[in-house]
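In order of appearance the chains are A, B, C and D, and numbering begins at 1 in each one.
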Amino acid sequence: MTKMMTGLLAGTAALCLGLQAQAEPKTNMLHQWHSGSNAEAINKLGEMYEAAGGSWNQTAVPGHTSNTIARLRADVISGNPPSAVQLKGPEIGEWAKTGLTANLNDLAAEENWEEVVAPELVSVMKPRGEWVAAPMNIHRIDWMWASKPAMEAVGATELPTTWDEFNAIAGKMAEQGIIPVAHGGQDWIDGTLFEIIVQGISTELFREAFIEMDLDALQGEEMQAAFDQLRLMVGWMDDAFPGRGWEEPLRMMAEGEAGFYFHGDWAIGTMNAAGYEYDVDYLCAGAPMNSGQPGYILNSDSVVFFEQSREDYIEGQKLLASTIMTPEFQKVFNVTKGSIPARMDVELGEDFNPCQRQNLQDLRAAAEAGTVVRSMAHNMAVPEKFRKAMFTVISEFITSDMDSQTAARRMAEAVINEY
Amino acid sequence: MPSAPHAADFRPRPKSRARRISELVPLAVLLPTLITTGIYIFVFVIWNIYLSLTSSTLLPVYDFAGFDAYTRLWRNPRWTTGVWNLALFGLLYIGLTTLVGVVLAILMDQKVRGENLLRSIFLYPIAISFVVTGTTWQWILNPSTGLEAFVKQLGWQGFEMGLITSRETAIYAVVIAAVWHAAGFVMVMVLAALRGVERDLVKAGQIDGAPMLRIYRRIVLPAIWPVLISVLIILLQFAIKTFDLVLALTHGGPGISTTFPAIFVYDRLFAAGELAQGAAAAVWMLIGLVVVFLPVLALNWALKRRKGGAA
Amino acid sequence: MTVADTHIPDLTRRKPRSAGQIAGRVALYAVLLVMAGFVLMPLAVIALNSVRVNEDILRESFIGWPTRLTLENWGTAWSTACINASCTGVKPYFWASMLMVVPATVISTAVGLLNGFALTKWRMPCADVIFVCITIGVFLPPQVVLLPWAIALSWLGLAKSLTGLALVHIIQGTCFTTLFCRNYMINLPDDLIRAAQIDGAGFFRTFWRIVLPLSPPIIIVTVIWQFTFIWNEFLFAVTFSSSDFRPITAALMSLNADDTGVSEYGFGSAAVLIAAIPPLVIYFLGGRYFVRGLTQGAVK
Amino acid sequence: MASLSIETIWKAYGDVIALRDINLEIADGEFVVLVGPSGCGKSTLLSIIAGLEDTSHGALHLGARDVTDLSPKDRNIALVFQSYALYPTMTVRQNITFGLENRRVPRDEQARAVAEVAKLLQIEPLLDRKPAQLSGGQRQRVAMGRALVRDPDLFLFDEPLSNLDAKLRVEMRTEMKKLHKRLGQTIVYVTHDQVEAMTLSDRIVVMNGGEIQQVADPDTIYRKPANLFVAGFIGSPAMNFLDVEITGRPGELSAVLPGPSPVTLPLGATRDELTPYLGRRVTLGIRPEHLRPGGDGLPLDCTVEVVEPTGPDTMLVLDMAGHALVAVTPAEYRPAEDSRITLALQIDEASVFDPETGRRIARAEEGAAVETLAARRRA
């Protein structure tokens, strides 16, 4: 299967090559997928790239995302910008502003990216009207993972679709001695949970507060309502969450110790690795939406291209962007990562997890309804400094007994302070 | 009668060439270090100070934007909390690590059997990186995975250890992990120094009838003060650079209760792309360092003066 | 009294200890053992995880007895775990680190020893000022000097190379080694140096024949310090490495601290222990140099 | 071997002047001892001679060579340290040959020199031990060996015996004197032990406050101290000082000890040099052994406070009309404590000092000698 696909790909690429390339296309991609299934996925990209006639090289930076950015900055400052870097969200726009990024408009027009890429992503990939990046996948943030045994224990058959329904089931779980909400104790996990709640309260609120950073929305009543809901859920967490990573809550949920866990779809990779099974150990659904509409918080990994002086690297960029945008790569890359392709025209086969297949359907439905938003907590919406400032308030709220009104006011203040 | 010597008789004598050349040898030995560390310390710091005065964000821009970055920093709770945490942590960490290290060294100095093994045991934590240290202690201190769960399994259901889950106490969890990491190293340094102290000093103290504790406090420890100064400096620099340990242990939480200046600097410089602000924060750290470091230097100097005076 | 009456004590037997002394010894060992237990606890956790199946760790807890014992993790971590593109385990990174860390440690220690000697035992104008300046270098947070280093290394044409990274560590490490050595050597008796001077030994000869043989304790301390911190250093290792040369911390980080990937705690733990072996070997071998009385006979 | 000449040496550390205008000529083969209380500058002077310290002013000549600016290794001198400063990581043999090695002496010659020195100092069995395995006396010998082996122009000793126990110290002292007699080296020897100074030296240099107080042979130093400092420093028990007023008339002078019951000491015609001090106060210095239980002398009535038999003699702590005196008398003389006795003062042996300058008031026959010394210093 893979072989056939690679062969096919090599064919198409060879065609492209025959048309334009004199030098052997080369690339060196800087990214943070250094291990496990992530690394395997990126190696697939390398294989496909080589099959297409390119010479593949990569620099994987382990650890936090900021390590990758530190490396990028060091490389740019010392005068050797990498030909391709994994970057996301507004960061792409920031780098585009420096004038150091490459222009992929011709390739995009040729391959019709505008049509196939999820609409919410297009503006991210072409921040100043030029395509400077190619999206690799779409991660959904607003997943609700539910423990099947826990659901059965309280006699719930349907997963909740609004926060009121959720609160009712969670209340029952608490009575049964099950921890209703599993949670980790790092600011980005806090932020993830809170943005899921905000989207559930109102998509409009999410856009105004987390994308436009409208001060009224940040301290308005709806925001207070979101904090109220968060306060309720904090009450349903166990005491031990601070400092916990994101995997431990997943285990608690899948083992039935906890009822729900709100977290992004990279959880699928870990659950596969730990041997948990869909519909046996866990269930999945989009997080509750009070509006009744489908909701979607989107996160996407993408590759940004920096201007190169050497012909072989310029050719290599085109070939890499083209390879990334092939449906085959988009499928192979996302199967184990838990995410789905960034192209909307790809159907997912049986090798994908049921939750991933549902992801694609939900994305289409939400796109239809106009409720797709970019993730604030995962660097897709606002610059890092605002994100950190909001995280500060959210994490403070969770670990203290701050009231919702104060919290909302401090959200607005935090944003003002960073301007 | 000999004529009384007058101060006017005394004129400093110029040094001979051979003498000057022989004095150049140690200077020549130091020269590479002087040049490299000179660049490393002064040029880099000045670059950093300059950066803090520019409007740099994603990449360095060489313009002048004033001192805005310096003042706005103090409105940021992550920064102010971090500074406070560093002060508290620094004090506890340095105090406790020195105490534990010195006590262990003194205990190890009592002709203990299996000294080699014990020393290696106490020393190994320094071989473990901060990330692994933080992660492992996170597991141990977390109520649901660590000691608390373990003790509960043993049957003591009431046992609670919410050190890292409370905003007020999480900083102490960082202290524990950090002390664990460095105490053995301090022990080894002090032990090495203790072994250099002449036994007769101790014997003299014993003959004077002083109890062992006082002998160590009054005779032995003052004799190894340069090493203690080293220890102090080492711990101080650890404290100031506290970064990966906290990220792995508490991720700066709960809330922002265990955030640190170094984390803030790194966030600003690399994650947030606010070079000027990050640089300004770094300059504040250096200023703080000078403020803390001066008394240490003064102490060093005073001790040396005293020693020099006695000789 | 006749000779026959004289009681000859059994000199081979040790003097029996008084009750107080015995209690003291018991308390001494008790404290040491409790401390050792405390210190060993995290190692035990890592060691146990290194023989557990990753699935068990994810399903049960990070702390626990192995329900299924496996030694596979060690093999995997050493030679087959996938890091970045290649599934080579930490082996190549281990040796790459060795190639960088050993010269950096040796050079910075040697320079530190010479500096310490020059600063303490030789007439040096403004030795104290120089010492203070070098000490400042100890405190510069790595985040602050990362970008300047990047620029400097690229000027030198050493960007992203083993030599470049080693150079960074040598220069930064020299501040530490000088601090250690200076503060150790200031306690060596001045008379020894004077005696050597009168015996006609110059700077280097005095250093080589007199000072160096007296320095094993501080050499061990310095080597431990340099080795472990260069070995474990992460930020610079990641920033100044390339696919041709990558130190072990990058590999360790890959295996142990992933933001959103699946964490491999099993062989991650094994890799941590593998990485800790070289410093531990140094600790153990260096131990005998802490034996009492090395400088006896010289110090009054 | 060579002579040493020290010319107007000054040494200053910042504002503190450690040595002031030091002039000294040491003849070839002479054994000169520097004594003085700690901080008097004797060790600094030794360091300067060794080349371990720079001079601030002045010059040093070793034989015909100007060594002022030479580094220690080029001066060809040897120094035995108070702490011995044996290299702890080297064997005794290596310790001894280190200096030869540095001077690139051929190996066989080194071996011969070591054997010779080891035999001389009787340390042959110790050659392969480390300093830590030696006793104090053995270390001392090794330190001497290290100095002797190089056959230097000048030997310097910095309180070499002070770390030994009393018995060993006496033995080593004798041995050093024998060695000096046999080998005839030029030696500068620093000590604070006056017995060593008296027994070993050809000449003693008494120092205080960075200045030379007196340079003379041991007898002169003891019997004719140049000033109050030397008088008080040399001699144990220390010299008794009595402030007296000179009365009477020329040829019939008396010294009157003031107090509630003044004591008059008739000096007769023996101390004519005091005539200019008539009606003024002087300080009378009396060695304890010059208060004798019987025989000729000025009778002094005293009360015995303490009797301290030391073996060879008896030491008495006395009270004479309110003034404390110490006397050293023959061992068999044992007055009862609190008894009153009469002692004979050997007034001829007493030294007299001008209390204002502290200088000795020279007797007629010794005046010339003092004048020549002063003249020499001025030159």
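Criterion: a contact is a pair of C-beta atoms (placed from the backbone, for glycine too) under 8 Å apart; a residue touches a chain by one contact, two chains touch by 3 or more.
This structure is a prediction, so every number in the text was calculated from the model and none was measured.
Relative to chain C, the most remote chain by averaged C-alpha coordinates is D.
Averaging the CA coordinates per chain and comparing them to the mean over all protein CA atoms picks out B as nearest.
Two chain pairs are in question, C-D and A-B; the one with more C-beta pairs in contact is A-B.
Averaging Cα coordinates per chain places chain C and chain D 54 Å apart. Each chain gets a centre from the mean of its Cα atoms; for chain A and chain C, those two points are 41 Å apart.
Distance between chain B and chain D, defined via averaged C-alpha coordinates, is recorded as 52 Å.
Counting partners per residue, chain B has 22, 60, 144-145, 266, 269-270 as the residues that reach two or more other chains. For chain D, residues that reach two or more other chains under the stated contact definition are 71. Shared interface positions of chain A, i.e. residues touching 2 or more other chains, are given as 64-65, 67, 70, 73, 77, 245, 248. Residues 22-23, 25-27, 29-30, 32-34, 36-41, 43-45, 47-48, 60, 100, 104, 107-108, 110, 112, 115-116, 118-133, 135-137, 139-140, 144-146, 149-150, 180, 183-185, 188-189, 191-193, 195-196, 198-199, 223-224, 226-227, 229-230, 233-234, 236-237, 240-241, 243-244, 248, 262, 265-266, 269-270, 275, 278-279, 282, 285-286, 289, 293, 297, 301 of chain B are the ones touching chain C in the complex. For chain D in complex with chain C, the touching residues are 47, 50-52, 71-73, 77-79, 81-83, 85-90, 98-99, 102-103, 130-132, 134, 139, 146, 150, 163.
Residues 64-67, 69-70, 73, 76-77, 91, 94-95, 97-98, 185-187, 238-245, 248, 252, 383-385, 388-389, 392, 395-400, 417-418 of chain A are the ones touching chain B in the complex. Against chain A, the residues of chain B that register as touching in their complex are 57-60, 72, 75-78, 138, 141-145, 148, 162, 164-167, 170, 173, 247, 249-257, 266-274. Residues 54-55, 58-59, 62, 82-85, 146-147, 150-151, 153-154, 159, 234-235, 238-240, 242-243, 250-251, 253-255, 257-264 of chain C touch chain A in their complex.
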